[in-house]
Amino acid sequence: MNLREKIEEKLKDIATSIEYPRPDLIVIAVNRDRIMEAAQRIVELGFDHLASVEGVDLPKENAIEVIYHAESYEEELRNTIVELKTRVARDDPKLQSLINVWPNALYLERETWDMLGVVFEGHPELKRLLLPPWWDDIPPLRKDYKVKVEGIIVGTK
Amino acid sequence: MEQSSLTFRYKELERAWDGEKVYEVFIGPQHPASGHMRFIVRLDGDIIVNVEPDIGYVHRTMEKLAETKEYIKSIPLFERATIIDSNNITLGYVRALEKLLGIEVPPRARYLRTLLSEINRIASHLYGLGLAGIFINHSTMFMWGFGDREIWLQLAEELTGARLTHTYSIPGGVRSDLPQDFKDRALKAIRYMERRLKDYMKIFFNNPVTVARYKDIGILKKEDAKRLGIVGPNLRASGVRYDARLVEDYGAYREIDFEVPVREEGDALSRLLLRIDEIKISMDIIRQVLEKIPDGPILAEKYLRLIPPKLRKTMEETGRVKFPGLFASLRPPPGEATARVEMGHGEVFYHIISDGSPKPYRVRIVTPSFRNLLLLRYLPVGHRFMDFPAIYGSVDYFPPEADR
Amino acid sequence: MMVLEIIEYIIRLILSPPIFAPIIYPGLVTVLVILLSIIWVERKIAAKVQLRYGPLYVSKPIGGALQMLADATRFFFQEIIVPRDADSIAFLIAPAASLVLPLLPIVFVPAAPSFVAISVEYSLPLVLAISALTPIVIIVMAWAANNKFTIIGGIREAFMVIAYELSLFISALAMAIFYGTLNLEDIVSMQKSLPGVILNPLAAITFFVAMVMATSRLPFDIVEGEQEIVAGPFTEYTGILYGLVMGAGYVQLYILCLVFVELFLSGWYPYIGLLGEIYPALGGVSLFIKAYLLMVFIVFLRSVYGRYRLDQAISIGWKSLLPLSLASVFLSLGLLAAGVVI
Amino acid sequence: MVCPLMGIVLVGNLEESARKASRWFLEKPPIRNLRDWAISFSLWPVHFTTSCCGAEFAAASCPRFDAERFGFLPFLSPRQTNLLLIEGTLTRKMAEAAKIVYQQMPEPKFVILMGVCALDGGIFHNSYNIVRPHELFPVDVFIPGCPPRPEAVARSIIMLQRKVRNSKYIWGDGHEPKGED
C-alpha cells in the first residue's frame, strides 16, 4: 500500500479534496472545524513536524487560506510534503491552534497571526513577533495593505 | 492523543516563574553576544528559568516585497536574508520556480550550483564556528574562523563576481561558467583548509576550557529534536539522519557520493564538531564536482534559444550569461510549488503560489533559523546564566535569516 | 653656591630610595610605561596568533606602540557621564581608588638588595593584604553604578575573591614557612643559588593560577563576562573613569608578578654588579625583566583560552587550588624536616 | 548663581562659564591637535549590528582586512565607545534601540552609515518596516554598496580619521537624535 492510498483511506471521510499537483506534494483540503482531526490523522501517518504555517489572503473570495506543510524525518516519508489547508472567513479569521499536535507550530502560528491576523484559539502567546509591538495598522500580508511598487522612492512618512 | 512534550514543558515553565521572584536580564539588541535580537532571560539565582526570545529587529518584510516584484527580481531580495549563505537560500526559490515553470536544468549548471552551494556552506559553518568561539571569549577561534572564511569567499568571488551576494542560480541554469584555473585554486584552498582544521582541533576543540564550557551543555534529545521540528546540524548532532540534500532532487547530489555526518550526543560540543565534519564532507563534494563536472551549456535550452546568435557567441566566449528579455517577466502557469534546500544552518522551505501573472501571488519562506528559534527557548532552561551564550553560539542562529 | 647645594640636595633626595622607589622605579613612572606598553604587547601578540597586524598606523615606524597613548588620551578627553540613578560620589571616587590601591604595595616591594621605600619585617603579608583590597573597590563600583549588569558583575567578583584569595595567601605562606621569614628581601637573598620554584613547584603553580584569577585574566575573566553582562561592574563607566579601571587590572598584575618573581624566580638574581655601581636599583634590573616576561606570558593566555564558567572557576578555586596550596605548605614543612638547607 | 566675593556681586551661570572655559581650553591649538590625533586613532565602534552588512563589517575587523591597524576596536558597551556604525537596514524596532545606544555614548561621537539600505532603503526602499537612519542621526560618513566590501569600510575609517584630524566635527549640542519615539 503506497502513501497515496494510505492517505486517501485515512482522510477520505473528512477531506473535501485530495490532490497531487506534483510528485512530492499532497494537498489535502478540509473544512475549518475538522482541522484538528485531520492534523491528528496526518501525525498518525508519520508526518510529525511542520515545515511551515502560512496564510494566503484571498480578498475576492472573502477568505484567508491557512496552509500547513507537514514533513517527516522517516526515510520512506521524507520525500513527500503533506499540505493541509483550510479556509477561514476574512472578517472573522478564527481557527483552532495546532500546537498540541505539532509543537513547532508555536512560532509559525504566532507569525501567521502577526502577519495576517488569523486568531489561533488555544495558542498561549499571540503577541507581536516580527512587527514592532506598537503596530496598529492592518496586518501587512493582507492584500489590501499596499506598499509602494518598485521604481518610486518613498520617504519615511 | 498524548500531550506533546513541548506543551507540557510550556506549562511547566509558566508555573516555574510565574509570581516567583525572578531576576530579569535583557540580552540585546545592543550587546556583545546577541547581535540583532533580544533575549529576556529570567533567572532564579544563577539558574535560567525562562528565556523569551524577542525577535523582529531585522524584519525587512521580504514576503510582502516579493509580491510586488517580478519573479526574477526576488532572487537578490531573498539572498539578503542570509547574506553569508546566499546561494543556498536562493537556490530553494529558484528550484520552486523551476518546478512551476517546468524547466530542466542542464547537468553542467547543476554541478556548478552544487559547487557554489558547498563553498557557501563551508563559509557559513566557519562563520558559525567563529561566533561559537567568541561566545566563550575565545578570540583566536573567532579570528581564525572569519579569516579562513575569506579563502572561500575569494573562490566564490572568482566564480560569480561578488563576495557575498552572488545571485548565481537563475531559473534554468547559472549566471557564469567556471573560470580558468579554478580547479587548481579550489584544490589549493581545500589543502589549506584541511591543515587549518587540525589547528582548530588543537587550539579550540581539544582545549580544556572549551570542553568544559561546551560538553554536556544544552543536550537536545533525539525525540525532542523530532517533535520540535529542528533542522540542520543541530538535528543531525542529535542522531537524526535527515538532510534536505538527501530529500530533494536538486544540484548534482544524486550523482555524487557523499555521506551525511551524524552524531549521537546532542550537546553543544557535538553540534560544533558536526560542523567540522560537514566542512570535511563539503570539501570532498567540491573535489568530486571538479572531477566529474560535464561539459555543456549552463542555461536551459529553452532560454538559450531566445538569446540572439550574436550575444550567444559572446556568451560562449566569456562564460557569462546575457539574460534574455523574457526573464524580466517570467509567467509561470497558475499553481503552486514547494522546494527544500539544505543551507549551512539547515533546511529552507519555499512555497510559491502563482496566479499566472508576472508577479507571485504569495511566497512563503521558512528559514532554518526561524525553526531553530525554539531551541533558544528550551535548551537553556535549567542551565546557569553563563551557559546561555555557549548554547546560543552552538545553535548557530542567524537573526536576519529568522526575521527575513 | 647656595643654588648648587639646593640642586644637589634635590637630586640626592630624588635618588634616595624612599622617594625614588615609589616615584620612578619600581613605582609610578615604571607603572605608566608598563601600562602603555603591556596592552600594546597584548594586542600585538593576539594579532600575531590570529594572523593579523594589530595596532599599526598610529605610529608605523615603531609598530603602533603609541596606540595605548592614543586610547588613553582619547579617554581623557571624552565626556564623563554619571547615570541619574548612580551614587555619584562613590561612582566617581571608586575608579580612582581602584587605581591607587593596587599601586600602594609598591612601597614595600624591594627592587634590589636593601633598595625599598619602606623597609618592614612583614613586607610579604603587607603586600598581599593591600592588593586584596582592590576587589572591594570593584564591588563598590558595581553597587554605585546601580545597573543590572554591574550588580551581577559585582556578585561575580565577590564569589571569585573568596575562591582565589585563600589559596594565594596560603601558597605564599608556604614559601615564607620554608624560608623562615616574612620579609621579601630575605626571601630573595635566600634564593641566590636555587629559585624557589624548583624547591616547591606546588606553591608556584597555585600562586600562579590564583594570580591569574585575581587579575581577571583569561581563562578567568569572568567578572567582565561581556557575552552575558556587557562589561560587568564597569558597564556604566565612561571616559577617563573607564581608563582608570582598565589600567587598575594591569597594575595589579604587575605587582603580583613582582611578588611571584621574588617568591619563586629568585628575584633580582643574577645581580648585575656593574649597573649596581651606577645606582643600586639598576642592579636589580633582572627582577623587572623577569616580571615583564611573566606579564607577557599571562596576557598571551588571552589568545589560547576561552572563559571558564563562574561555578567551574569557583570549584577550581575551592576543590583544586585550596588542597594544592595546603599540600604546598606540607611540602615546605617536609623539606624543612628533611633538612634541605639553602 | 549669585556669589558675594570681596564686595563684588558676580551674576551669572557658573556651570555655563565653566563649560565655556573648558571649551576654550580644549580648543587651544596644541591641546586640540593632541585631542584630535588621539580620537582619530582610537575610534572604537560599539557592538551593534543592525542588519546583514554586519557580515562584511565583521570581515573588516578580522584577518586579511584587520581594521585594528587603524586603532579600530569593536568594544563592549556604548559607554566606552565613540562610533556608531549602522550596518545595513534599520528597522523600526531596531531604530529605537539605535537611538538609545546613540544617547548612551559619550561625546564626541560619530556615526557611519554602512550599506545602501542605511542610505536610502536600497532593495528594501518600499518596505513598511524600515526607517532612514540619516533622519535620526547626524552622519559623518556614508559607505555605499550592497554590501560594501571590507575595503570600503577601511576607507570610511580613514575618511573619518581625516575628518577628525581636521577638527571638522561638532562636539556637544545639536547632537541629540531626531525623530519621534
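Per-chain residue numbering starts at 1, and chain names A, B, C and D are given in the order in which the chains are listed.
Simple rule for what comes next: a residue touches a chain if its C-beta (ideal position, glycine included) is under 8 Å from a C-beta of that chain, and two chains touch if they have at least 3 such contacts.
Keep in mind it's a predicted model, so treat the numbers as computed, not measured.
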Item to check | Intersection of contact partners for subunit B and subunit C | outcome: D
Checklist entry - Counting C-beta pairs in contact, which comes out ahead: A-D or B-D? => result B-D
Checklist entry - What is the chain whose Cα centroid lies farthest from the Cα centroid of subunit D? => result A
Next on the checklist: How many angstrom lie between the centres of subunit B and subunit D, each centre taken as the mean Cα position?
Outcome noted: 33
Checklist entry - Between subunit A and subunit D, what's the gap in Å when you average each chain's C-alpha atoms? => result 45
Checklist entry - Where the CA atoms of subunit C average out and where those of subunit D average out, how many Å apart are those spots? => result 35
Checklist entry - Roughly how far is subunit A from subunit B, going centre to centre by Cα mean, in whole Å? => result 23
Next on the checklist: Counting only residues that touch at least two other chains, what does the list for subunit A look like?
Outcome noted: 131-132, 140, 145, 147, 149-150
Checklist entry - Which subunit C residues sit where two or more other chains touch them? => result 50-52, 226, 230
Checklist outcome for this item: Where subunit D touches two or more other chains simultaneously, the residues are 62-63, 76, 91, 93, 126-129
Item to check | Each pair of chains that touches, named by its two labels | outcome: A-B, A-D, B-C, B-D, C-D
Checklist entry - Where on subunit C is subunit D touching in the complex? => result 43, 47, 50-58, 64, 66-67, 69-74, 76-81, 224, 226, 230-231, 234-239, 242
Checklist entry - In their shared complex, at which residues does subunit D touch subunit C? => result 26, 34-35, 37-39, 41-42, 62-63, 66, 68-71, 76-77, 79-80, 82, 104, 106-108
Checklist entry - Across the complex, what residues on subunit B touch subunit A? => result 1, 3-7, 10, 14, 55-56, 59, 61, 63-65, 68-69, 73, 99, 226-229, 235, 240-242, 246-248, 335-338, 340, 347, 349, 351, 353, 361-362, 364, 366, 370-371, 373-374, 403-404
Item to check | Residues of subunit D touching subunit A in the complex | outcome: 91-93, 120-121, 125-129, 131-132, 135
Checklist entry - What residues of subunit B sit close enough to touch subunit C in their complex? => result 23, 25-27, 31-33, 46, 133-141, 143-144, 147, 203, 207, 209-210, 212-213, 384-389
